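In structure tokens below, several structures.
You will see two complexes here that share subunit A, one where it goes with subunit B and one where it goes with subunit C.
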Partner chain A sequence: MKIIKIDKKLWSDGVEKSRAAYRLIGPVKDKEFHQFRELAKGEQPDMNYKNSRLSPKSIAFPQSETMFLYDLDEKAEAHHIMQDAPKDYSPRAVIGIRPYDAKAFKILDLNFNNSDYQDPYWINSYNCTTFIGLANSSPDKFDFSTSCGTGPFDDSAVDVLLVDYNDSYLAKIMTDKGSAWLNAAGFTTKNGEIDGTVKGVGEAEEDIYEIIEKLKADAEAKITSKVAFDKIKEKSILDIFNAPFWEDIAFACLNCGTCTYSCPTCWCFDIQDETKGKKGIRQKNWDSCMTSLFTVHATGHNPRHNDWERTRQRFMHKLKYFQDKYNQGIMCVGCGRCVEQCPANIDIRNICNQMNNGEWE
Partner chain B sequence: MHNPYKPYPVRIDDIQIATEDKSLRTFKFVFLDSEDEKIFAYKSGQFAELSIPGQGEIPIGIASSPTEKGFVMFTVFRTGKVTSYLHEMKAGDIMGIRGPLGNWYPWDKLEGKNILIIGGGFAFTTLRSSIKMMLAPENRNKFGKIDVVYGARTPGMLLYKEELMEWEKRDDINMHITVDSTNDPNWKYHTGFVPTITEKAAPPADKDTYAIICGPPIMIKFTQPVLDKLGYQHDHIIMSLENRMKCGIGMCGRCNIGKELVCKDGPVFTLEQLNKTPREY
Partner chain C sequence: MTMNINQSDINKKQIDIINQQYTEKIREAAKRILLEKKADVVIGFKNGTEPMKTEPCLITKASDVDKLIWNEHCRLNLANYVKGRKDKVAVVAKGCDSRNLVNHIIEKQIKRENLYIIGVPCNGMVDKFVNVKESKVGVESETMQKNLDVFLIDRDMLQDNCKTCISRNPVIFDEMIAEPVKERVWTKEEKLKERFESVNKIEAMAESDRWSFFNDMLSSCTRCYACRNACSLCYCPTCFVDESRPQWVGKGVDPVDVRTYHFLRAFHCAGRCTDCGACEAACPMNIKVRLFTKKLDKECFESFGWEAGMSLDERPPLDVYKVNDSENFIR
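Our next item is the complex of A and B:
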């Protein structure tokens, strides 16, 4: 792993230069909140953003994605047969993604890319994307990422990790994909080496490792809330499922779904056909376990009829079922979006700790 | 990369009204590309997504047997948007099928065993597939005794009646057909609910006898105590579940019972497995 130092004065020109080989995605302010979207020519990612309202999962798992096109006109060739929707999987880079949001892609990947089935839309979108992460030097009070197997300086899911350091970005080059983008931006030569001709870009000094460690420790120290889930693993599914606290936990829940839509690791979706005239599309849309339509049978029977049962499902899925199924921690990266945005102040941290530490008959 | 969301194009080859109230129809589909039929290799107990462009998709158990070639068959109850549309479709219409999906009855484990099949109402489709498969000449000697308890509300509501009558005549399968009630004076089979007939007709429990149950929740609720009474162990009771599904490949997240996904880890579970799982179905 190599670290280079990029003068911030060169940054925006480099980003712009990389457009020759990449489509660019980054955080931009839209009215009050930041969101990740494709950057128009000349548009720069806002490197001073705190957190995006919705997570950037939509980069590879869009809110709505067309899979197929169909034609119901019996005179048309191949009528009533699904045709692949055109897709652009040319290289693209997401710039400024937070380490925990990048980590969430690894969690989603467990669902969409497994030994039994592979979702081609997810896999192609993920593979064509280079992750230029931005370490979070000032985590807010909602952040509990350090106890979720990631953290503000986690470099495990990004191709480059940028660390804000005075007038420079320190860039940890984690993968070949990362050095390829840095090269396209003019910050290195092809194999990630320093190009001596570029003024303002240089190999970092020896002590830079220590500096990053110090910045990391400072950032992590700002995160004071923690969750524990080791004992959830030991308890049986039925034990926690039948625990007495679920109706209390769900008492304030409106089942509005804000948590599921803002969450970087919620992966549930619906499939819908939409027809206009004789032509139509089949698409994947985000769905939410908070709605009764999610599980209702055609007969009207609903296995999760009560709203509190739907609230229970969300926490059981994230904190118990996922742990048991994959043995890779919980289905949560501690970004804090659901905590910050819940209109009823439901806090997954409290629920996780209650499931973990609580004792009940 | 294979796209598991993409249906194979099929043509509706034949449609038969399956019950006297016309609420069920049996559809035979033929693959437009015969290569797709080879890829669509299935086992009894699996299901598929019937895919109608512009309407949507529905998960339906496969009623044909892998030993029947040249078509796949489904019997569909008219109940929601897609099934209502399907009931109005005509032979020759083009649509799609995705699958085969899910697991199947554990045929490896069932080889050499006695099989008790218990079915009710229109949940007899994958059981029909199973019986047809076991009775095929190349398969029959792989299994011990076969008993079938099958009940419907009235004689006219029994599915696959002609086949039931053929099986009645055979000596290598014991049929116990029953109806809740009938005013047909010539009805020569059982009258009574499935649990009652099961108690009378089921073979004794032993380690070499497995029960496969598929039916409405009320039937399952009252049949399970009967099997307990007869001494069937819970790992010898095999059930097929239904839940709302979309993707059918374990990704869209709605059909879970605990950590198991009915579409991918099921739909077939032993009662022993279900005992450890939230009953969210």
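Our next item is the complex of A and C:
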């Protein structure tokens, strides 16, 4: 692994330069919240952002995505035949993504790209994207990422991890993809030394790895909320499913989609045809297990008739079924968006700990 | 400047004392109600897991009443948690919650005799975005400043709906946990001007500006339906947006579908909305959805002098026929 030092003075020019080979996506403050979206020419990612209101999963899993187009006009050529919707899978870079949000892409990938199912829209979008991560030096009180197998300096899911260091970014180059973007941006050895030591103007020679480790430890120390899920794995599904606390946990829950839509790892979707006149589209929309419509059958029967059963489903899926199926931790990266945004204070940290530590008949 | 800081310090202390008193009285009432079997359950608020957060909770045992609390973050409308219940329910209700309980009774969602209302005189709720707001999103006017003396909480921190509240004290109750708070005395003109100031501003816009205003306003909506689900009025067994046979509205985020949802929801609340602000308190994107319901509140107020949920003795205007209706076509 190589590390280079990028002078912040060179940053915006480099980002702009990389446009020659990449479409750019980054955090931008639109109205009062940050969101990830394609950056217009000359527009820079806001590298001082804290968190985006919605997770950046929409980059590869948009809330509404057109898959096919169709024409019902019998005079038209190829009428009644689904046509692929036009797509742009040219290279793009998402700049400033938080390590936990990048980690969430790995989790989504388990669902959208496995031996049973391959979702081409996801796979193509994911593959054409280079992840330029930004380590989080000041995690907020909702962040519990360190107990979810990731953390503010996790470099396992990004192509480059940028660490804010005084007037520079220390860039850990994790993959060839990352290296390619840095090259395209002109952030090469000319701007900073490679591998091992960093020398800034007027500074003594420092061990760069130590610097990053120190910054990492400082950031991780700021995270005070934790979850434990080791015992959830040992307990049987039915044991937790039938636990006595679900109705109580779910009492306040409004069964809105705030948690599922802000969540970086919620992957459920619905497919809808929308026709206007003779023309139509087939689209893939985010869906939410919080809603009644999610499970209602054609007969009208709903296996999750009660609100609280839907709340239970969300936590059972994230914290139990996912663990059992993939054996890769929980389906949560600890970003804290659902905790922060839930209008009724449904707090996954408490629920996880209750499922884990609780004892019941 | 110094005066302001001192004033708000005093107010903060006053609020803390009031919260503590209210909390004790609510617990006392809940315990007594459960022990005397005046109700099977008590619905109130408990502390949230983070500051500025609270959580609606259901108390079934007298030994659990100490979970109950009161503070200026009890934003959600607890009438929303009462609907559909078959047991006898005691519910902690601030002014607006009580008005929605009146709605429920009138609309036969719950029987008065199955309710035990623990009335809370309300000092207003703090806007949940107050810490993250860089600039005030709501609409303010100088004339509105004059009811400053009514509030203990800094105006800038209050939810928009609380600033022009017409009933801080519950309109119906079985017991009150404290002396009523001061209500502002409004003239009709003041109401039209101040309560509907946000609507008046939009009405004054050119049509094209209004259209772009709404488009911009709704551009961040994800259709999570938090506004609908937090609303005490929304109790249709199947909401029109969830109908699938036939399907009335697209499920994606096409602006036409997003607008259809918001406009229709507002129309469905015409003459019923109490302006409790739960929809805005629930919205994770801070969309000012009350603008839509307020427009219809204004129509009802102007045309019929109607304010929802103020009395059990009168049915809402869209629900009655009156021979003295001002419109000729209906007579």
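Just so it is clear, the second predicted complex is superposed on the first by the 343 of 361 C-alpha atoms of A that agree within 3 Å, B and C clash if a C-alpha of one lies under 4 Å from a C-alpha of the other, contacts with A are read in each partner's own complex, and residues count from 1 in each chain.
To be clear about the criterion, a contact is a pair of C-beta atoms (placed from the backbone, for glycine too) under 8 Å apart; a residue touches a chain by one contact, two chains touch by 3 or more.
These numbers were taken from a predicted model, which means no experiment stands behind them.
Annotation for the three-chain superposition on subunit A: subunit B and subunit C fit side by side. After superposing the two complexes on chain A, the angle subtended at the C-alpha centre of subunit A by the centres of subunit B and subunit C comes to 90 degrees, rounded to the nearest 10. Contacts of A:D270 after superposition on the shared chain: both subunit B and subunit C are touched. By the touch criterion defined above, A:Y70 lies against subunit B but remains apart from subunit C after alignment on the C-alpha atoms of chain A.
Contacts of A:T295 after superposition on the shared chain: subunit B is touched, whereas subunit C is not. Contacts of A:E16 after superposition: neither subunit B nor subunit C is touched.
When the two complexes are overlaid, the chain among subunit B and subunit C that reaches more residues of subunit A is B. Shared-chain residue A:H317: touches subunit B; no touch with subunit C.
By the touch criterion defined above, A:D7 lies against neither subunit B nor subunit C after alignment on the C-alpha atoms of chain A.
Taking every C-alpha of subunit B against every C-alpha of subunit C after the fit on chain A, the minimum distance is 5 Å. Shared contact residues of subunit A, touching subunit B in one structure and subunit C in the other: 270, 272, 296. Interface of subunit A with subunit C (complex): residues 30-33, 35, 53-54, 63-64, 141-142, 248, 251-252, 254-258, 260-262, 270, 272, 274, 283, 285-286, 288, 291-293, 296, 339-341, 343-347, 349-350. Residue ranges of subunit B in contact with subunit A, taken from their complex: 1-7, 9, 32, 51, 53-57, 79-80, 83, 93-96, 217, 242-244, 246-247, 249-259, 264, 276-278, 280-281. Chain contact summary for the complex, subunit C toward subunit A: residues 48-50, 53-58, 76, 80-81, 129, 132-134, 137, 220, 222-226, 228-230, 238, 242, 244, 250-254, 281-286. Put simply, subunit A touches subunit B in their complex at residues 67-68, 70, 72, 79-82, 84, 111-112, 114, 116-120, 123-124, 236-238, 241, 267-273, 275, 280, 282, 284, 287, 289, 294-299, 301, 303-304, 309, 313, 316-317, 320-322, 324-325.
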